[in-house]
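Each of the two complexes below includes subunit A, the first together with subunit B, the second together with subunit C.
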Partner chain A sequence: MSIEIRNISKTFESFQALQGVSLEVKSGELMALLGPSGSGKTTLLRIIAGLEFPDPGSGEVVFHGEDVTGQGAQQRQVGFVFQHYALFRHLTVFENIAFGLRVRPRNRRPTEAKIIEKVTELLRLIQLEGLAGRYPSQLSGGQRQRVALARSLAVEPRVLLLDEPFGALDAKVRKELRRWLRRLHDEIHVTSLFVTHDQDEALEVADRVVVMNHGRIEQVGTPKEVYDQPANPFVYDFLGNVNLFRGRLNSGRVQIGSANFQAPDHPETLDAPALAFVRPHDIKLSRQASSEASMSATIVQLSALGPYVRVELRQEDGELLEVQLTQEEERQFLPRPGETVFVELRNLRVFASDYSI
Partner chain B sequence: MSSLQTASETKIRPVPRHPSAEPRWLRWLLIGGALSFLALFLFVPLVAVFVNAFHKGWEAYWQAFLTPSTQSAICLTLLTAVIAVPLNLVFGVMAAWAIAKFDFRGKNLLLTLIDLPFSVSPVIAGLMFVLLFGRQGWFGAWLDEQEIKIIFAVPGIVLASVFVTFPFVARELIPLMQSQGRDEEEAATVLGASGWKTFWRVTLPNIKWGLVYGVILCNARAMGEFGAVSVVSGHISGLTNTMPLQIEILYNEYNFVAAFAVASLLAMLALVTLGIKTLVESQHASALRHKHPVQRPTS
Partner chain C sequence: MIFRLKQRSVLPGFKLTLGYSLLYLSLVVLIPLSAVFLKSATNGWQHFWEAATAPRVLASYKLTFGMSLLAALVNSAFGLVVAWVLVRYHFPGKRIVDALVDLPFALPTAVAGISLAAVYSSHGWIGQILERVGIKVAFTPLGVWVALTFIGLPFVVRTVQPVIEDLNTDLEEAAASLGASRWQILWRVIFPILRPALQTGFALAFARALGEYGSVVFISGNMPMRTEISSLLIITKLEQYDYAGATAIAVVMLLVSFALLFLINWNQARSHRFL
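This part shows the complex of A and B:
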């Protein structure tokens, strides 16, 4: 079941949450909506669920060719997982999962035996077989979220929507649960869309990632595409740590301070301001200037971060620079605070600077 | 070495007091103050009511309830409660639902209006109805033509009681429903539940205890209201006297035993409702504990 969103806008009083958003989620795909808070990702998800409605006349929500824009949440047959679970606190785990089946009109309601069978099957799927009689308050956060997921799957939804599903969990449970969600999706293949502000989560779990900002879509692509070929400075900046340089772009080359780099993406630009980005792990330290692409900087501080060592350097113009070394590299190079070294930038991405961050 | 040092240091240090713990004398002062206040203003008057009611013995106490005018007062009080409480139950749930779950223009105005009966003196509430429905009032002439009597009759008493008691249920539910948010209702809707089913299966079970409490308070006030009812009643013995009014009349007739006997009945009604409330709450809690022993979450 595919989801298609065509030119949706949404305004809350004076705030425009979505500005003409169009998106297609392919059948059976697991897609992430990634963006900072206030970027409109949750609003988009709630519009797809029918919990919010787009501005009148602004566009359509289409499920597998069927226009559902006018339908309310009750008719759309979607599964929705809330950030804070929204389990029914007065019902047991079993009854929570069975809820969607029990509220069906009599002629479509399954028999009690069918309901028990379905709930038992889902309890097995979420690995909580022994806890059917518990109340939500007696479960941990991770368990609650799995129950919420099972509850939404019980009605055999056409699409599954998850709003920051792991947002309220601690780091370790979060990681376990998102891997589990990935495996689950590989098993059941329901078209799924989840909202997150955590780029690791999006890149690790999703088939494709939608990066949103200020109510617009900045880029849609596989995790590799958005990470390696970000469409613009915002995407580059949002997906992981970056170092930003300001320079001038001129016929395929960019000048940053005293160093000069190739910028093959911009062969035609003549003498324009440019922004260049480099990831901290794409910077090499050396003690000799190896080419015209290296510049000198002074080491300010070293900090150990698990398997990595973060080196903070000050460039000649006073700007700070962050470099990430593996422990191996650090042992070989032995950087010392106060020492002046040369940095060599690799995989530099250059944008003509009519963009702003 | 260092661990030894810290161990000896802790030994020397005085036992740390809980940071929020008050000194003993202050605790006793506070507890004693609160208890003596309660005794003076609640317990002693309550005991006085029962002592006065029984001071001529059981027989005299019992006789007080056998006069027709007292019996009719008791009936009228029950009738008033039976009408006012369900009305305010429905109204209170509707108002709380609207305020907690929806955003609309005039929401704050509605909130303020719900509080109006609390802030207006009950006597004024009664007068308001006299001005509206009394013989000289706005609708007085018309009502006269239709031969409908509201003021100095049972409908007036019910109206005044409904007005005075209408905030109780709503006030109890609004903060509860606001704190619960809309998530569970939204979840039910997405799962395909209609608005009606969502209300019965999700909203109502969640507000059940608040609702019970609101109804108990509402009922207590409906039975005990004096001021507003006094204005609209007309004090027609055997017809428009409620229990509080009957108590006043008996007292003014120097019939102290009967007055305190009826008062003791009202007081007992209050005690019984409080008892029921406590029982209901504790049973609910223990039922939850027995059915599902709490275990520490593992992950």
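This part shows the complex of A and C:
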């Protein structure tokens, strides 16, 4: 079941949450809506679910060729998973999962035997077979979210929508659960869209990622595409740590301070301000100046972050620079605070700076 | 180790507060109530039984418990609606309406009784309209019910209101996305969550109505066998210096009220398992 969103806008009083957003989710795809808070990702998800409605006359929501814009959540047959689970606390795990089947009109309601069969199957899927009789208050956060997922799957939804599904869980459970969601999706292949503000989560789990900001879509692509070929400075900045340099772009080369780099994406730009980005793990330190490593900087601080060592340096112009070394690189180079070294920037990405972040 | 070390906690004074609570309850509740039992026994079992089961007294029990129950039931339904409207909707004058709900708490019951009697009597504003369609309120059991409903309303509203405020709209949205109709959401999701609070409100309104005196006696007319409530009979007996007789009725009221409240609370504890 594919989802197509055409030119949707949404205004809350004076705040415009979505500005003419169009998006296509392919059938059977697991897609992430990624963005900072206030970027409109949750609003978009709720509009797809039918819990919120776009501004009158602004566009359509289409499920597999069928225009569902006017339908409410009751008719759309979507599974929706909430950040805070929204389980019915007066019902057992079993009854929570069975809820969607029991509220069907009499002529479409499955028999009790069918309901038991379906719920048992789902309990097996979420690996909570033994807990059918528990109440939500007797479950851990991760278990509750799995029950919420099973509940939404029980009605065999056309699409599955998840609003920050792991947001309320602690870091370890979060990781486990998102991997589990990925495996589950590989098994059941229901078209799914999930909202997150955690770029690791989006990059790890999704087939494709939609990066949103200020009610607009900045880029749509596979995790590799958005990470390696960000469409603009915002996407680059949002996906992981970056070092920002300001310079001037001229005929395919960019001048940053005293150093000069190739900028093959911009052969025609003549003498324009530019922004250049480098990821912390794309910077190499050396003690000798060379044609590649012509910028010097002073080491300010070292901090160990598990498998990595973060090195903070101060450039000649006073700007801070962040470099990430593996433990092995650190052992070989032995950086010392106070030392002045040369840095080599690799995989520099240059944007003409008419775009601000 | 034979002696367990005293459990240390952040807030000291468990023994002190427990002792104080017991003393306070004894002085204010238990001792006066046991005095009722003792007093009712002064003239022997025979007299107690006669006083407590005279036809006029039995009729008053029926009226008091029946109308209290009815008033509490109606209050539960309408109190729920009022609480819902006050939480979920925004309308001009909402804060005034919200404050008005507490009025039956604050008003001296005699004032309530007099105004109700004035409004619902056959010359009153509402009374004369109802009279035209053949409904008499003042000086009938219906009047008793009106008074008991009036004084019980805030109990239901104030116990249910905070629960509705805490009610997450996520739940309604989740139910809707699962295909539940509005009616099903109300009945299968919202009502079960509100039920414990509603039961508490019902129990409070009911208990309050059982003991009510001031607001009822003006509108009921106090006709023996028809519109005489038990509290009034107790006062009547006291005025005739029949202390044993008065306390006999009181003991019956006390036991039945206690049994009913116990039943409601027990039922509620059962339905609270999921919290």
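Throughout what follows, the second predicted complex is superposed on the first by the 355 of 357 C-alpha atoms of A that agree within 3 Å, B and C clash if a C-alpha of one lies under 4 Å from a C-alpha of the other, contacts with A are read in each partner's own complex, and residues count from 1 in each chain.
We take it that a residue touches a chain if its C-beta (ideal position, glycine included) is under 8 Å from a C-beta of that chain, and two chains touch if they have at least 3 such contacts.
Just so we're clear, the structure is a prediction, and the values are computed from it rather than from any experiment.
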Legend entry - Superposed partners subunit B and subunit C on subunit A - clash or fit: clash
Inset, instruction - Name the contact category of A:V103: first (subunit B only), second (subunit C only), both, or neither. - result: both
Inset, instruction - Identify the partner contact of A:S291: answer first if only subunit B is touched, second if only subunit C is, both if each is, neither if none is. - result: neither
Inset, instruction - Could you say whether A:A49 touches subunit B, subunit C, both of them, or neither, answering first, second, both or neither? - result: both
Inset, instruction - Considering only the touch criterion stated at the top, classify A:S251 as touching first (subunit B), second (subunit C), both, or neither. - result: neither
Inset, instruction - Could you tell me if A:Q301 is touching subunit B, subunit C, both of them or neither one (first, second, both, neither)? - result: neither
Inset, instruction - May I ask you to decide whether A:F80 touches subunit B, subunit C, both, or neither, giving the answer as first, second, both or neither? - result: both
Legend entry - Contacts on subunit A seen with subunit B and repeated with subunit C across the two complexes: 49-51, 72-74, 76-80, 82, 84, 86, 88-91, 99-100, 103-104, 135, 151-152, 155
Legend entry - subunit B contact footprint on subunit A (complex, rising order): 49-51, 72-74, 76-80, 82, 84, 86-92, 99-100, 103-104, 133-135, 138-143, 151-152, 155, 173
Inset, instruction - Sort out for me which residues of subunit A touch subunit C in the complex. - result: 49-51, 72-74, 76-80, 82, 84, 86, 88-91, 99-100, 103-104, 135-137, 148, 151-152, 154-155
Inset, instruction - Show which residues of subunit B lie in contact with subunit A when the two form their complex. - result: 183-184, 186-194, 197, 201-202, 205-206, 288, 291-292, 294-295, 297-299
Inset, instruction - Report the residues of subunit C in contact with subunit A in the complex, numbered from low to high. - result: 168, 170-171, 173-181, 184, 188-189, 192-193, 273-275
